[in-house]
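As structure tokens, here come the structures.
Two complexes are shown next, each including chain A; its partner changes from chain B in the first to chain C in the second.
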Partner chain A sequence: MSLFFQQLINGISLGSVYGLVALGLTLVFGVLRIPNFSHGALYMVGAYVTYFSLTSFGLPYIVAIAISAVVLAGMGVVLERLVFHPLRDMPHTHAMIGSIGVLLFLTSGAQLLFGADFRRLKSPLEGSISLFGIGINQQRLLVIVTSLVVMAGLYLFLKKTVPGQTIEAIEQDRVGASLVGIDANRVSMMTFAISAALAAVAASLVAPINLISPTMGDVVNLKAFAIIILGGMGSVPGAIIGGFALALAETFGSTYVSSDFGELVGFLFLVVVLAIRPSGLFSKGV
Partner chain B sequence: MLSRNWKTFAVVGLVVLGALLPVLIRNPYFLSVIMISYTWAIAVYGMNVLLGYTGQLSLAQAGFFGIGAYTVGVLTVTYEMSFWISLVAAVVLSSAVGFVVGLFALRTRNEYFAIFTLGVGIVIFLVIEKWESVTGGRLGLIGVPYPEPLTELSHLYYLIFAFLLLTIYVVASISRSLVGRGFVAIRNSEDLARATGINVGTNKQLAFVISTGLAGLAGALYAPNIGFLGPAIANVPITFNMLLYLLVGGLGSLSGPLVGALLVATLQQFLQQFQEYQLVIFGPILVILIIFFPSGLAGLWHRIGNRLASRRAGSHTEESEGEEEPTKMTPTKETR
Partner chain C sequence: MSNRVFRVALGVIVLVLMSGLAVACGGGGGSGDGGSGKQTVNIGYSGPLSGPAALYGENALNGVKLAVDEINKNGGVDVDGTATEFKIEALDDKYLPNEAATNARRLAQQSETPVVFVPHSGGIFAVQGFNAKPPTEFILAAYSSVPEILEADNPNTIMIPPRFDNYMEPFVKTEMDKFGKKLGLIPTKSEYGIQWTKQVTAEWEKQGGEVLKNNGVDYTSTTDYASPVTQALNEDPDVLFVGGPSQPTALVIEEARKRGFEGGFIVMDQAKFEEMETFTDKKNLNGSVGVFPTIDYPGPGTDQFVKYYEEKIGGERPPTSEVALNYQAMHIIAQAMADAGSVDDPKAIMEAVDGAAGEIKDEYRPYGIDGMTDDGHLNGPVIATQVEDGKYTELKVPQDQ
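Moving on, here comes the complex of A and B:
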């Protein structure tokens, strides 16, 4: 039973990371209708920024995460301007190919600058606390708490503030939103900034548990796609629920079936769901 | 554009040049680099049928390449069967898997199709990597033999060259036929194509099976050429590579896949010591191409040709020939 709870905590902490990554992906898809294949690469860059803020400048962990979020938000804006804005009126395949170009550039760029070897990010929270008779890694608790705070903050931003509501307005009806005076360009830039920042936070949180490498974002990116298809592309609650669902399936799958199965389950799920429901579960009928 | 006579001349010249290459190039390494480029080109022709003509981005192309390569690898190495039977089996199997995948994949549209095929590509890769008893897992398969009577590198060159010519001929015939025009109509507007009576589902399925079959053929030819198979050849980065070749050469053009594969794959081979860093340059090139020159080198050549022609003929601009037309993604009037 203790193994079960241990895995439950692991699954929830992994799920909150997946949720953050998938949120960024789903926001960009909702606003720009682009599946951003470079999202995982942004995630990876975010981890490196945190790593160097910690090791080169000796900043506190939380400050390093915040800096990473800000830097990545800036990168998101630059990408939107340089790559996705020029491609907005072209066929949908072009924007996807553009994002693949960005992915290749960022991954190999990181390899060039930082080398292919794995790095370990030291977290200030190394110990574990005992709860109901099971030891819980403090870092995992931090991951869960921080992710939930960020998700709640994002939810309030989207629902309760005017800039946040403009994102939803553009998502629902681009032309209509423009007619009432919402600047679609500004919303696109803002969405990219938020999306990249979320990826940076997620990567920085998970980095002490896993390792940092130029390819760390590849698999996560694919899983995030599986999640937003499960949760409905463009749906915010869907991304969060989907993130937890996939993480729990993976954790328990690799514990009780086999680690190969845990690795495969996300993609099998993706393929099966799309085969049965071509526009995804809970799709809003786009 | 150039006149028809001139064009026939150029094509014949290129074929003769291709046929003479093993005589002209004495260095076996250079020749094998060209042979690898040819095999990539065949797979990229498949991608072009689907993406360039029909407008569907499949990210599983490397997976089907892997199915073709591993079919030949397993049949010739483990079961010691003849290469020629294995070759047929490879094309049949990759087309058959493509057919089944297409049944499901093509129910999805646009972004969903790309993501679905990405998932399929990864599943194929993982199956090849994990199915150790058959594929050798991460270690791969070693010692894929040369096809039966062939013993020398130049023999293999002619085999691959012949299949390349066959591929180009088939793709050219398709692009000129009513079916090919149907593909282009679907690319320009699926709804409009449906409205004009084109069976969108069947045509997309056909394009998908052609593309997976060509990927399988390319993989089958790759196996004896390299002699060693590892699971990485079925992985998604290979698909991205093919995408790069297609974009450089020219999306939706007949010469594009060959030009792109020859140019970029050769360049990649010679820059092999910078393998990890190549993409620092090729990534931005992909972005720049897709934004500014989505019709690649073929489109550029076409534009230059047009300008020259219009200069010669004053204000009169010549009609362009169907198959070399650069990809215009805006709905164009289709003659049916």
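Moving on, here comes the complex of A and C:
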């Protein structure tokens, strides 16, 4: 039983990271209809920004995460202006190719600037606490709590504030939203900013339990795509639930079946969902 | 495109990308120039220079580079009266066997490289398919410890590092005697990791131990190491078999210690203690067996090599055996060319390697290699290590026959 709870905690902490990354991806897709393949690269850059804020400037961990989110939000806006805005009236494929270009640029750029070395971010929370007889790493608890706070914050922002509602409006009906005076440009930039900031927060949270390297975003990127296809592209609850579902399936799949199965299970899900319900589990029928 | 078709198409793209999302980059070209009394010979290299294994690839390449710089600075080697300098042509293969094969072909044909270094077993096997056949024969300097490289019976292959099957007996014996008979498995799931796992499992059982469930994960694509470690520890092992690239290996070891594991570790030779030390508290490594850190290796020229490395490359990266052994191998090959009196006759050069390995200056020898076996393995006394109270003590490893 203790194994079950340990793995449950592991699965939930992994799921909250997946969820955060997938949220950013699904928001951009909802508003701009672009599958942003460079999302994993933004995640990677976010981890480096946190790393250097911590090691070069000696800032506290939480402040470093906030700085990383702000820097990446800025980067998101720049990307939107430089790459995706000029491609807005082109066919979908142009923006897709553009995003792959950004991915390659950022990954190679990071290797050039920072080298291929792995880096380790030391967590300020080294200890573990005991809960119901099982030891939980404090960093993992921080991952879960922070992710939930960020997710809740995002939800409130989208539902309760005017700028948030403009995002939802554009998602639902671009032309209609423009007719009532919503500036689609502003919303696009805002969406990219939020998306990149979410990636930065996720990467900064996961960095202490993993390693930072120029290619750290590749796998997460693919998983995030699997999650949003699973949950319905553009769907916010779909991304969150899909994230937890994938992580738990992976963790328990490898615990109770085999480790190969754990790696396979997410994509098995994906194939099944595509076959039975191609629009995704939580799609709003866009 | 309707939305449904679009999504399905996207799903398919994601699945395809999953099978190998890689960053493309490359470069190359160059020429070998023969002048009066002086020539430059190209040396080929194909290894991972981008992607998750880029660090490893850079280390291997740095080894060759250090040797080439040193040779050129000293005016080259004398091959049949001609001062011969070297130039490296390096291509990125992203760790992929097929790319390594394409690169090796391109290097041999376009850059006329008589020798190509390949630092991974998949690429080595692919290149062994054609490097000993006309029209372009060339020598494959193979940096991988997989013993099957020798079984290919390829006359133009030089296998550089100690073969990993030699580690099995002493590693298993040391750990079993010290900690107990139950072995848990959390190795990386690369081709190489799978071979290691098979051999270590067989040896552990041969010596009368019990092998538990395999909880291996691909170290380069795993986001969270906690889950496999939790599973492995659930079966209460005495010893854990771990390994993959050094840095993730350090995290796996640390995770196990954090969860209260007090047994020993058998560490795959891909992971290096000197690199792991910089990623985790050295205390966590106590009770492990693995390859001896290069910095303290009792080789004839280790000290000079480490000093030279720190001068030329330095930084945060310690010199590892990838750097040191490729460095030594390049010196041996240059010497073999001098002894054979040829830079482009693979047969003559291969015949000269055994002698050349013993002839090169001591300062070019961070490791104790002193010859080559008939099947093409650079041979010499090998020392592994056992970590006790933060110290690396020597562990003898049997040699090739």
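In this text, the second predicted complex is superposed on the first by the 286 of 286 C-alpha atoms of A that agree within 3 Å, B and C clash if a C-alpha of one lies under 4 Å from a C-alpha of the other, contacts with A are read in each partner's own complex, and residues count from 1 in each chain.
Definition applied: a residue touches a chain if its C-beta (ideal position, glycine included) is under 8 Å from a C-beta of that chain, and two chains touch if they have at least 3 such contacts.
Treat the numbers as computed from the prediction; the structure is a model and nothing was measured.
Bringing the complexes onto one copy of chain A puts chain B in a clash with chain C. In the superposed pair of complexes, A:His92 makes contact with chain B and with chain C alike. Using the contact criterion defined above for the overlaid structures, shared-chain residue A:Leu268 touches chain B, although it does not reach chain C.
Within the superposed three-chain model, A:Leu104 lies in touch with chain B and with chain C [touch as defined at top].
Within the superposed three-chain model, A:Val17 lies in touch with chain C and out of touch with chain B [touch as defined at top].
When the shared chain is aligned, chain B comes close enough to touch A:Val83, but chain C does not.
By the touch criterion defined above, A:Pro35 reaches both chain B and chain C. Once the two complexes are overlaid on the shared chain, A:Leu3 sits against chain C while remaining clear of chain B.
Of the two partner chains, chain B and chain C are each touched by A:Ile229. Touch criterion met: A:Thr255 reaches chain C, while chain B stays clear of it. Chain C is struck by only one stretch of chain B after the chain A overlay, and of the options 27-35, 81-89 or 207-215 that stretch is 27-35. The intersection of chain A residues touching chain B with those touching chain C, taken from the two complexes, comprises 35, 92, 104, 107-108, 111, 116, 222, 225-226, 229, 233, 260, 263, 267, 270-271, 274, 278-280. By the touch criterion stated above, chain A contacts chain B in their complex at residues 29, 33-35, 82-83, 86-87, 90-94, 96-98, 100-109, 111-112, 116, 222, 225-226, 229, 233, 260, 263-264, 267-268, 270-271, 274-275, 278-280.
The touching residues of chain B, when paired with chain A in their complex, are 51, 55-57, 104-105, 107-112, 114-116, 118-120, 122-123, 126, 130, 187, 240, 243, 247, 276-280, 282-287, 290-291, 294, 329. The touching residues of chain C, when paired with chain A in their complex, are 1, 3-4, 6-8, 10-11, 14-15, 17-18, 21, 23-25, 49-52, 54-55, 57-58, 189, 214-218, 221-228, 230-231, 234, 245, 247-248, 251, 258-260, 279, 316-317. Residues of chain A that touch chain C in their complex: 3, 6-7, 10-11, 13-14, 17, 35, 92, 104, 107-108, 111, 115-118, 120, 128, 135, 137, 140, 206, 209-211, 213-215, 218-223, 225-226, 229, 233, 250-251, 254-255, 258-260, 262-263, 267, 270-271, 274, 278-280, 286.
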